[in-house]
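Two complexes follow with chain A in common, the first pairing it with chain B and the second with chain C.
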Partner chain A sequence: MQTRKTLITTVLAAAGVGLGGMSGAAASTGFSDDVVRIGVLTDMSGIYTDLSGEAAVEAVRMAVEDFGGELNGTPIEVIYADHRNDPSVGASRAREWYESDGVDMINDLSNSGVAQAVAGVAKEQQRHAIVNSSSTLAITNEHCSPYATHYTYDAHSLAHGTGKSIVEEGGETWFFLTVDFAFGHGLEEAVSEVVRNAGGQVVGAARHPLDTTDFSSYALQAQASQAEIIGIASTGADAINAINSLAEFGVTPDQQPAALLLWFDDVDSLGLEAAQGLLLTNAFYWDADEDTRAFSERFYERTGRMPNMAHAGNYSSTMHYLNSVQAAGTDDPDAVSEKMRSMEINDFFADGGYIRPNGRMVHDQYMWEVKAPGESEYDYDYMELVSTIPGEEAFQPLEESTCYLLDD
Partner chain B sequence: MDLFGVPIQALLGQLMLGIVNGSFYAVLSLGLAIIFGVLKIVNFAHGAFFMLGAFVAFMAGSYLGIDYWAALLIAPLVVAGIGMLFEYLFLRRVYGLDPIYGLLLTFSLVLVLEGGFRVAFGSSGQAYATPEALRGAINLGFMILPEYRAFVVAASVTVCLATWYVIERTRLGAYLRAATERSELTGAFGINVPLLVTLTYGAGVGLAAFAGVLAAPIFHVNPSMGSTLVIIVFAVVVIGGLGSIFGAVVTGLGLGIVEGFTRVFYSEFSSTIVFLVMVLVLLVRPAGLFGRTEG
Partner chain C sequence: MQTALRLVAVLALAALLAVPLFPQIVYPVFVMQTLCFMLFACAFNLLLGHTGILSFGHAAFLGSGAYITGYCAKFLALPAELSILAGTLTGAALGAVFGALAIRRSGIYLAMITLAMSQLVYFFYLQAPFTGAEDGMQQIPRGTLFGLLDLHNDVTLYYVVFATIAGGLWVVWRTVNSPFGAVLRAIREHEPRAISLGYPVARYKVVVFTLSAGLSGLAGSMKAIIFQLAALNDVHWHTSGDVVLMTLLGGMNTVFGPAAGALLVSALTRYLDPFGAWVTVVIGVVFMACVLVFREGIVGKLQHVLRRRPREKRQAVDREGMVRTSE
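For the complex of A and B:
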């Protein structure tokens, strides 16, 4: 009897949700449910907390406050959740947000596995998702949609920054230390392609699980490969531990480690002594010019840390979304998407940035070299600009994208 | 020369690394086994105490200028103190209850400690320098072995032997074993069993902290450094036989080596192999390799 009752309640509840969803869709002129709601889906407790986490939420809040906190009298609300680096957790939270919590746009999306899963949900639910802190090319290829935007960087821009410049300097044979999930695989693949196109050779790869502490065994494998370059296709604590182990086992100087995705926070954690000379392909550095410094100092006052490129991207993309909603005069996802992909982005983060039909935000990328301890003159003075990679070169050419939106 | 298509040199290198990792497993599972033996508590917080040991060494170094060698002694004592306080205030309240309560209580401590340190120090962690005297490397012919890693093996083996000696050959150890077997009877002889239990918990987590200090210069000191390790260490203890001290040490070293070899042949499988071994062992010997069946 009890089970029957529960079953009936469940069916009724499910029907209720369905109806609720329909009424939400029907009211698609103006602002749905009288609030513009932004959800920040991020890593609040795992390995990528420093890269995204609470500071990402703060960046989005800053953008909302700077925008004025409301859109023609409709309040803008920011909520957040932890995806625990689990694509299924991320996807179900995204579905719940879109379906029953009236979330109009999800931002940040660290972890490539989570980002892919959420891009899928966004497409199905026809709501916006903006990827700032992960690299998977799937967002602008097989998982593309009018609602998914890939904003700050991606595997292609990393490969054509750090990867390409090392190949050009003569690094011919490569061995990869790759983190064993979508992000690592995608990055390894993109860099391998650059290496092969330049006449280089990939001699092997070792795959390690996410959040590995002991890299000694991988360091030995890298050593045994005798490759000139050890490409580190991981980031955050993984990349830091890999760099330390390679140094400990005397892999350098015959072999050169190349960290393919390093963040400002990684350099901070490694310290300049260990990190000096490493190359970073980052879309943003706090100390680049007047505008970046102004933003970064405000950010620092709120969070106690300097922003990295994803934090800056979170701010810039939120602002762009809100500007697009305002220009469209509605939060209807299709109308907003059209505005987002037609309006140019000019702020401290991007100069003449624009979003391609497949959702790729095109803007310049920069290659930085980590300073030696003696060269650093003040707090957080870590990097020097090596070169600027124009957006058109940094990102995947549109004709190579497999996005279905480009078919006609 | 090749063995199964892998150069012998590479295999020897991995064997060596397996021993280094195995010695971490050994010290950690030793502490876990002692605690389980006496308290009958599955100490889920073991990895967190390992992490705490590394952080205490880091904080002592950067705030108080205490060097590595002093930290190697001080950090385990500090952590043991924290552990004993935890045992006295919380853990002893769940002894008579279903084991799940002890597991939940210790697990909640993990969440609190890891979360706290993540807020205070971030998730990328902090660097801890290798002590000056051990910065070099030994060329073994088949590999370059950093001196510090050799020291880790020596220190771990020494600590394991010393612990074994205390438990098996001293009066204190005899009390401890008596309290494990028949705690009420031991109490009747005028021995303060609750104190003994508190000290045992302190010693167990002190060992974890010792391993944490050993690990600090190798791994970046970060809040999650213990959580990945502790799962493997649990498997080690189960394979070795719950509560068996000898079993924990031998299995720790053995599994370190098995894991090292797996990384050569099929790296993706290296995080799973330990659990496969566990399943196989439990099928054949449900009490573990060195465990005794009850009754």
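For the complex of A and C:
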């Protein structure tokens, strides 16, 4: 066996094939194959490119550089790949990374389907996966494992953040514009429950297909419902189109839209004229305080754009992973997992954040209101803090999680 | 020349058999996925290349195979062989329905009917409660084959997939080189004449549709077992487009040309991955180049070149492959 491996190594080296991930002899440093390798699995060519994509890779690289580029003399390497929004592509790439390329941790994971598939592979291969840019609760429920971490936000934090705070602020009657997909249905259901529990009322909902461009009939239905709040249970282009139509049909000044998953980048493409007054829950906003500004300006210099919450999460989670590896003194997944879940996270992204046994990173969420064009004083000055939602309230209570790790 | 081709085929076969031993060189799961697409493309070509029917809804068969296999294995806890059988049969049954309706028209209208029907199927899987919609059906158990072979072992799985796909490809080859296949080519060349000769053309078309769909379903079933998931991408019309692309690239007037096309497309999307969105551009350019430079596809062109050189052999080969190469 060993001779064959050596033979292959020689042949490959001779052929000049740059295979870094050869499973060579066990390292003496406590690090497998003498390098800590982080893979960023993201959407480089599809609908989520703008939300994560290359900037997510850059955020992870930044964290590695800030960490020093090495761990006790062991180099840290960042590689990336495109999952093309296909769970089978994502799963096969993750499996290959873990099995033959010696990847220790996979980050980003936009697209819920891909995130779930990779969480499954991570569990089987006993390697780390950190989900930053998708919302599916399955990561901390049926697909949970000691190796999967859900970092930035999830469907529960969106629903509870937005739903509860708005009802508390007096928005009692709700109408939903929901994308006709499992994601939209799930979000609508979760928010409806929160609204009812908080004493509000859901007066109706309109379902639209994915990639709808003409929202006129939906906007009119929303207007006719006379609900105070129009909950927008979609994301990306659909949410942008919906908000634009609501503004065009004069729905917005009287009835307030609440976006259940809107990204900083969406506000940027909508423009303040159309987006003003919009309420949204985000885990991060670049202009929140001194630390976030410092990070965001450095990020802006590298990528030419302001970071959204997923980028900030990519950076923060990579840093936390590396800190945990350092504290454990090895990249052995079990030891690292234990450190990750026992060490507190204190950086520009999270204050006193911690990871629960089911993999949920608990940290404060924030509700923001989009400023009117007149209030914006400088570039990217888009949002104002409405309220802070404590992490304990924002995320799914531990007793509701179906994660098998909580059974004993 | 014949011996040279045979040598290449034997070498390729040996290389494929050796794949699980050298995971460092090429990743076995990638090879398995490519094998599935090879079968899918060759099955599709039974219709396009050998019968002259352009179906634009083949993703429905691939995806149904994957979803039904997943459903059987995950929710009904059936063993792998029964799940795969169920997926294959579902594909075939859908193919019979598609075929029966679509062959009432021809050309672009036929393609549109198949597209419309595959969109219906897509919508079904999008809304059906068991599929997990856009999240896909996850964690499909691989199980054991005939209660003997544990498919969780990647090496075992590889050889099972290899054998199954090889079996599927053999069916394609046998179909093409049979009296049935000859009738299909007659239909492709001159349908009214085939009718006047007394062949029940409609029945032939439905049968070949069913066969092609069944094999596509088998490819989808294997895919579900390999990746342990079934997702909407498999039923999306993009996949129907991809299979046309693979077939044209490989050569639609050959039996195994589409397999070469599938290999090319899979390899391009995989190894050009670091270029992100540029992959689609590169594949587009490769496709245009292929269509402009060698219209008969890669394998078609290869056969053409090999056949032309030795003059004395030419006639013998031509007699054999007369109908196939007449364009």
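The rule is short, and it goes like this: the second predicted complex is superposed on the first by the 310 of 408 C-alpha atoms of A that agree within 3 Å, B and C clash if a C-alpha of one lies under 4 Å from a C-alpha of the other, contacts with A are read in each partner's own complex, and residues count from 1 in each chain.
One rule holds for everything that comes next: a residue touches a chain if its C-beta (ideal position, glycine included) is under 8 Å from a C-beta of that chain, and two chains touch if they have at least 3 such contacts.
Since the model is a prediction, treat every value here as computed from it, not as a measurement.
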item	value
Partner chain in contact with A:138 - chain B first, chain C second, else both or neither	second
Touching partner for A:376 - first (chain B), second (chain C), both, neither	neither
Which of chain B and chain C A:45 touches, first, second, both or neither	both
Chain B/chain C common contact set on chain A	45, 49, 53
Complex contact set, residues of chain C against chain A	22-25, 27, 29-30, 33, 126, 132-136, 138-139, 223, 227-229, 231-234, 269, 273-274, 276-277, 279-280
Touching residues on chain B, where the partner in the complex is chain A	7, 9-10, 13-14, 17, 20-21, 114-115, 118, 122-127, 130, 137, 143-144, 146, 148-149, 215, 218-220, 222, 224-225, 228-229, 260, 263-264, 267-268, 270-271
Touching residues (chain side chain A, partner chain C) in the complex	8, 12, 19, 21-23, 44-45, 49, 53-54, 80-82, 84-88, 91-92, 95-96, 99-100, 112-113, 116-117, 120, 136, 138, 143, 181-183
Chain B partner contacts - residues on chain A that touch it in the complex	45-50, 53, 180, 206-209, 211-214, 216-218, 220-221, 223-224, 236-237, 240-241, 244, 248-250, 265-266, 268-271, 274
